[in-house]
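Okay, here's the structure, questions in a sec.
Chain nomenclature is as follows: A, B and C, assigned in order of appearance, with residue numbering initiated at 1 for each chain independently.
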Amino acid sequence: MRMFGNEGAPLSMTDAIVCISDLKKSFGSTLVLDGIDINVGRGEAVVLIGASGSGKTTLLRCINALEVYDSGSIRVDGVEVGFGDSESRPRRRRSENELSGIRADIGMVFQLFNLFPHLSACENVMLGLTKVRRMPKAQARDKAEYWLRRVGLADRMNNLPGQLSGGQQQRVGIARAVAMDPKVLLLDEITSSLDPELVGEVLAVVRQLAAEGMTMIIVTHEMIFARDVGTKLVFMDGGKKIEEGAPNDLLRNPRHDRLKAFLARLEMH
Amino acid sequence: MSDLWSFTVGTLPFLWSGLLMTLFVSAVVVVISAFVGAFFGVGLAYGPLWLRVPLRIYSDILRGIPLLVVIFSIYYLLPFAGLNLQPLPAVLLALTMFKTAHVSEIARGAIQSIAKGQIDAGMAIGLTFHQRLVYVVMPQALRRFLPPWINSVTDAVKGSSLVSLVGIVDLMLASQQVIGRTYQPLPIYMLAAGMYFIINFSLSTLSRRLEARYAYVRE
Amino acid sequence: MEYHLNFNFIWQYGSRLWWGLALSIQLAIISVLIGCVIGFALAVAYTGGGRLTRLAISSYVEFIRNIPLLLLVYLVFYGIPSAGGFAYDAKESFVATLSLYAGAYLVEVFRAGLDAIPKGAIDAGKAIGLTPWQRLVHVRFPIMLRIVLPSLSTSFISLFKDTSLASVIAVPELTYGANWIKTNTFRAVEVWIVTAPMYLVTGYVILLGLRILERALIRNRLT
């Protein structure tokens, strides 16, 4: 049950924390994103669903500039992510150093966890705090330990990633992203690489974060989770946004054929 | 500047016989070490214990000592062992023994890198040890053997330069002789470097092409 | 041919061998350290650089790797002073040569190491907002170091053996010491029977030592 969010109603640009407008991206000659418009309000949880290759992950990676988009706009809290605007050079590609600053306020959790293999769980969470947020080490450690406790890893703080299960690694990944106090959290199929019995513990953490009002954009195949946590569902196909609306509406009464077909395929499992 | 060029080019004839000696030494060493090394490699991979242990000791000793020391050691140890060889055959023997040790390692590595599943499959369809060796292991091992072996060929060419230290007039010593007469070390050494470079760079480019071509075969 | 093995020279001149060995090890250590700096810097430059940078670095690497070390030693010791005018002593010259030589080989080692870093770890570094420099220092370098440690060990042992070439420009390392003893005592056979194993055993000891070091570093996560 969500306490905040408009339950699928359209947001004005000023309310939105994340504003994506007419976004286009190609990889070589393949058009992967074909004019995407999405607005995410404070405290909302937008869930992107669709078949593989529909562009969902690429969209997510454009939001925190892991991929550079070709045209259109992505604004996070009013700041255009990929391009800067100056008098002399409007729409100039941002340098890596500028992007680092922007990425600090956007959190991402990866499908393959991507923990730093040479650092313990605690050190993984602390790295961003000490180097990017410039916290003193003691304060960073306190914060890291707090978040690791929140995700249920109080007794694993000094373990290396190699000594943790998939579910535990992913929870460290979540702690690492959330400890940075991001304005928006991006979750890229975070349970797809997990053994089924480990999925629950990870989703439980995300549910709790959502209930506390964390703005998030989620890419997932877990429909039950999507319906529970999401305030807005977006169905993508072939790089375009096909349908958008409240989770219950979309899932029970799909309007477009492609969405109907997609949902039908999921039922088959 | 053109003086320097014509001078340098003028020394070429004197270096020519040195270059031939370098090529001769390299060729002899490479060919003999290739055959013997391959045999040793097979022995190291498949041989019984009484064969593998001496081969292992031989290989480890010769790879653990610098080439220069191997040359000096064998050069002076030979008369003691009863073999009175001329300088050239003596140093050829030293170089060949050294390279054989390296080649045997490469061969062993190539053979042992073939996945056990291949041998299992060969056994499953009833091939004898000999048949498995010839039809399953060797063809695959050869592909993994060639690129590093060609690298060892360039090492042999570079190693041949050490024969200059026991008086054999190869490219290295020929260069020094010319310098002794003309007192222009830099251009002549650069010229010799150029010649070594052309030989070895061609070989290593060949090795890279082979590696790329066979890359798809490796799992 | 009658020949009596006579190892007496060891008591009289043995110190030349021991001090020579010490110098060999010293030369190897200095050269590998300088070589690592050169190799790592060039590897990073190569990975992040444009066509011209990559071409320059490749040229350096290919030139050094395709000529005999002996030639390089002479080139640096005799060739450069004759053109540039500045002369340096044999030891300095050899260290410079071996460092350049090591650098050329280590560029490949470090480049392979940098390539082998899982791309996901770099993405994660980007995602938490680290600058490119921070990613290099805190993510790429530590991970790469653990990957290249075995190759660095073999390179070091190789360089140790290559120090024997310093003898040709009269640097008093182990091989030079052995040659000196041979010239002054005519005990050619005995001196090599002693010296060759010295290289062998030292190499082995270094190998074992480095393996223990590797394991200790990884266990304590000092890298």
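Definition applied: a residue touches a chain if its C-beta (ideal position, glycine included) is under 8 Å from a C-beta of that chain, and two chains touch if they have at least 3 such contacts.
Since the model is a prediction, treat every value here as computed from it, not as a measurement.
Inter-chain contacts peak for the pair B-C. Of all chains displayed, C has the C-alpha centre closest to the centre of the whole protein C-alpha set.
Centre to centre, using the average C-alpha position, chain B and chain C are separated by 21 Å. With centres set at the average Cα position, the gap from chain A to chain C is 47 Å. Chain A and chain B have centres, each the mean of its CA atoms, that are 56 Å apart. On the side of chain C, the complex with chain B involves touching residues 1, 3, 62-63, 65-72, 74-75, 78-80, 82-83, 161-165, 167-168, 175, 178-179, 182, 188-189, 192-193, 195-196, 199-200, 203-204. For chain C in complex with chain A, the touching residues are 118, 120-121, 123-132, 134, 138-139, 142-143, 146, 221, 223.
Listed in rising order, the residues of chain A touching chain C in the complex are 64-66, 96-97, 99-108, 110, 112-120, 127-128, 131-132, 160, 173, 176-177, 180.
Residue ranges on chain B touching chain C, taken from their complex, read 61, 64-70, 72-73, 76-77, 79-80, 82, 154, 157-162, 164-165, 172, 176, 179, 183-186, 189-190, 192-193, 196-197, 200-201, 204.
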